[in-house]
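Okay, so subunit A shows up in both of these, paired with subunit B first and subunit C after.
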Partner chain A sequence: MKKTLMTLAMATVAVGLTGCGEPESKGVDPKIYTDSLFAVMKADRTNYTKLVVKRLGPAGANVIKPDEHWKDIDNGTLLPAQMFRAGAEAVAEMTDDFTYSLQSIWPINSQNAPKTDMEKKGLEYIAANPGENFYGEEKLGDTTYFTAVYPDVAVSDACTSCHNDHKDSPKSDFQLGEVMGGVVIRVPL
Partner chain B sequence: MTLAIAGYFSFVLLKAEDKSELLIGEASHGHFQIELACSSCHTDAFGGGEVIQSACVDCHGDDLALAHDSHPRKKFTDPRNADLLEVIDARQCVSCHTEHQKEQTHPMGVTLPEDYCYHCHQDIGESRLSHQGLAFDSCASAGCHNYHDNRALYEDFLVENSGQPWLQVVARLADSNHAANQAPTRLPVQIADSQVQRQQHDTITGQWLLSAHGRAGVDCAGCHTQGSDMDQAEWLEKPGLAQCQSCHALETRGYLDGKHGMKLAAGFSAVTPQDSTLQFQSQALHEPQGCTSCHGAHDFDTQNAAVGACLSCHDDEHSRAFLNSPHGRLAQAAIDGSKPWAEAVTCATCHMPRMTHKNPGLNFAAATPGNLSLEKTVDGGASLGEGHEATENAVISVVHNQNLTLRPNEKMIRPVCMSCHSLEFAIDALADETLIRNNFSGNPKQHIESVDWAVKRVKH
Partner chain C sequence: MLASRVRLCFSAILIIAALVGCSGERGSTESLGTAEQQHKAAELLYKQNCKVCHAQGINGAPIVGNKKMWADRLPQGVDVLVKHAVEGYGLMPAKGGKDHLTEAEIRQIVEYYVAMAN
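Now for the complex of A and B:
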């Protein structure tokens, strides 16, 4: 009898302790999370393109030289796409909670073409549906990701002229305001 | 029996100075000098791959940054590369550079089969018609690409530097001024009077008077003292690296990073030629290497250090061919005074070039006698190969890490070869192994088409 009572008491304590945990957190909806991240990325990307490259580059004060090989030239600075990638790489060194990249179905650098089925589907969707985003889930390696694709729009003639004139660009008639590619944000689930 | 074996290896692991029993295989040519300094790479007995990766970056990270690494780890951490990483995990240095497998280590310390580029770039022929049908293992073995360092090989650079005459005006070496600019302004005061020392050593005093030290007023006390208190410095009969370092901080750092000093830097006795598998003069085999091995103890003759000192040890085909090569004849003309020394092309011109620091306000790590450690200072304004264009305020030092421009040999193109030669000629010459062996006596027997292809693509 004593043993039964002891067991019952211990079980009660165990159940009680289990119940004392923090209330289950719902967390942030992945869509709201990636939408928020994209808002910051888009703001920074637009500002760098307009307020730095356009204003201080060859089309403005001409005191900096945006160039793919910016490290190799005096007063060289990163192209907007490189600036974006530098941010993504710096984030990757700080956290595994999300990753992001800039891609296009008309990439200058073929490494920035879509690779996964979800990337291809998403980039084609945002190109065909201006103003809309794309969301889905995909499994890469042994991890499932929430993947969001957002349109990357030409915000300055610095974007269109550079891409239209580049020897490696598969498209040479980009217009201001047109979707040139997409920002792919992934969150491991 | 088991306990005895475990006890023996525990002793070797934890206490014994000689840890050769623990080696699982010979180290590569890059690491053989420090293969018994286990903790240089295995910094934590309980860590995983990240421990080794961190050790790789600690030693090689600065060089890779200087090389504008084309394939940094950060390019592969995005999960979209998961399928590629299943073939080659390019996030880890050891995926391509596995140690202790000397028998299957290729040049550059690579232990992968030579088709490693193919796995990610197999479709290159679709966007580069010139690349269609090229051998799958020819990307990095034909003078066109390197995995890490493509500063002299990227397309825009090829186009920008195309069409130049093979030989241009011979560059003039800028004088190294780093020590003069950065040395401590106050020298130690020794107990023994320098005057007395000079009177006792006539020959040495004569050598010293003709040296840069003599001209700069750095007398006996400048080197032959130890202790942190400059007013109470003690006489030191045999100055070492620490004394040189107190004024020549950058040179010392490069020396410790390179093949001549890396063993010393790992806490062992100095390397001797017999430690290496290269060919050396027999009389030099047992000579421990230090600053005075090349510079002399009192004359500090940098001209001898640039040629004679090298050839007094190195005895391979390339070294033996030097004096009769076109470069060697320029060196000899400078040695006999028929040409200015600034136009000499010596061993050091190519293997220990000058580094220009554009930022004269460099924060060199304070170096004190007795302190061998030298904090690594990443100098964002440092560049190689601009010694001949040095500005008035530039600080110039001699790169004492000969590996910085040696392997892969295309590293030498911009800081060295292009000072006098065209890019196309340099690429061709460095891809010609016979020409390297005879120390560039003659013309390249093959032409690397990378510049032609790059120019053609731009024109179309």
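Now for the complex of A and C:
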């Protein structure tokens, strides 16, 4: 009987100690979260480019006109970068759980320039290290954010010619395959 | 007697050492070194010219080392993949816009992709 009680007590202590050692649930790693969001954004943008712009635009059936001033043109449609930005604006109307934006250190529209030091640092990093992402944490107000910056690349002549020839572009020598800006995804921690 | 045994053992060691030296080991190490150098040269070409899209999957570019993305591409064979890269394919512009790359260099890069996907 004594032995049984002793064993029971030891088992209880052991269970108690094991319970104390359990790691706290931490949720999704912010890097995996932002990488996953970027994967969805990238896939949607690629599909819009391939399945709508290329298929129905001048290189395909030629029934739509992708153009920066699409609203002013019959059958005009958004350029892939504009469609991407429209998605970011629609998400911003829905939630503050995360934000994303297309920015550049050479923006055509000054509204798309980096606004925080972390954004600037990230955009400079991805421009200097083609193919690499940038991750950091920044405190804005009382909230700490995980900020990820992913490269936005000139993938067609349409990208380079539009930016190089645009009167408001601060850079006029973009080459195909060059980093033109970045997608900034910010998540509160 | 002891001295002659020691001499015999010493001679045997020398013969074995000489045989090992003459074996194909050195040759295979050299070719391994060459393959490694080729792999590194291709990796450098990739980093300088292609990484910006192929590390990220930009515009659907198959990501280097992503076995899932390469699963349907590998069976097409290196020649077809090189042709697509040189002439452009889908959303990828000819040579990825890097006109200075030769077909031989693009083949090197494609072979690097294939190796990374296997």
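Note that the second predicted complex is superposed on the first by the 154 of 189 C-alpha atoms of A that agree within 3 Å, B and C clash if a C-alpha of one lies under 4 Å from a C-alpha of the other, contacts with A are read in each partner's own complex, and residues count from 1 in each chain.
Quick note on the criterion: a residue touches a chain if its C-beta (ideal position, glycine included) is under 8 Å from a C-beta of that chain, and two chains touch if they have at least 3 such contacts.
Everything numeric in this text was worked out from a predicted model, so none of it was measured.
Undergrad: Is this a clash or a fit when subunit B and subunit C both end up on subunit A?
TA: When both complexes are placed onto subunit A, subunit B and subunit C end up side by side without any clash.
Undergrad: With the two structures laid over each other on chain A, which partner does A:P151 touch: subunit B (first), subunit C (second), both, or neither?
TA: A:P151 contacts subunit C only, not subunit B.
Undergrad: For A:K65 in the superposed arrangement: first (subunit B), second (subunit C), both or neither?
TA: neither
Undergrad: Return first, second, both or neither, reflecting whether A:K50 touches subunit B, subunit C, both chains, or no partner chain.
TA: Only subunit C is touched by A:K50; subunit B is not.
Undergrad: Where does A:T99 make contact in the superposed view: on subunit B (first), on subunit C (second), on both, or on neither?
TA: first
Undergrad: Can A:E119 be said to touch subunit B (first), subunit C (second), both, or neither?
TA: first
Undergrad: What is the contact status of A:P130 with respect to subunit B (first) and subunit C (second): first, second, both, or neither?
TA: In the superposed model, A:P130 contacts subunit C only, not subunit B.
Undergrad: Let me test your reading of the model: by the given contact rule, A:H166 touches which partner, first (subunit B), second (subunit C), both or neither?
TA: neither
Undergrad: Looking at A:E89, would you say it contacts subunit B, subunit C, both, or neither? Reply first, second, both or neither.
TA: In the superposition, A:E89 touches subunit B alone.
Undergrad: By the touch definition at the top of the document, which applies to A:G177: first (subunit B), second (subunit C), both, or neither?
TA: Second partner only.
Undergrad: Looking at the superposed set of three chains, what is the minimum CA distance between subunit B and subunit C in Å?
TA: 24
Undergrad: Following superposition on chain A, which residues of subunit A contact subunit B and also contact subunit C?
TA: Dual-contact residues (subunit A): none.
Undergrad: Going by the contact rule set out above, which residues of subunit A touch subunit C in the complex?
TA: Subunit A reaches subunit C through residues 39, 42, 45-46, 49-50, 54, 130-133, 150-151, 153-157, 175-179.
Undergrad: List the residues on subunit A that touch subunit B in their complex, please.
TA: Residue positions touching the partner: 68-69, 71-72, 88-89, 92-93, 99, 101, 110, 115-116, 119, 140-141, 143, 145, 167-168, 184, 186, 188.
Undergrad: Could you please specify the touching residues of subunit C with respect to subunit A in the complex?
TA: Result: residues 47, 49, 51-60, 90-91, 93, 96-98 of subunit C touch subunit A.
Undergrad: Any idea which subunit B residues touch subunit A in the complex?
TA: Contacts found on subunit B: 68, 74-75, 77-80, 82-83, 85-86, 123, 127, 151, 154, 156-157, 457-458.
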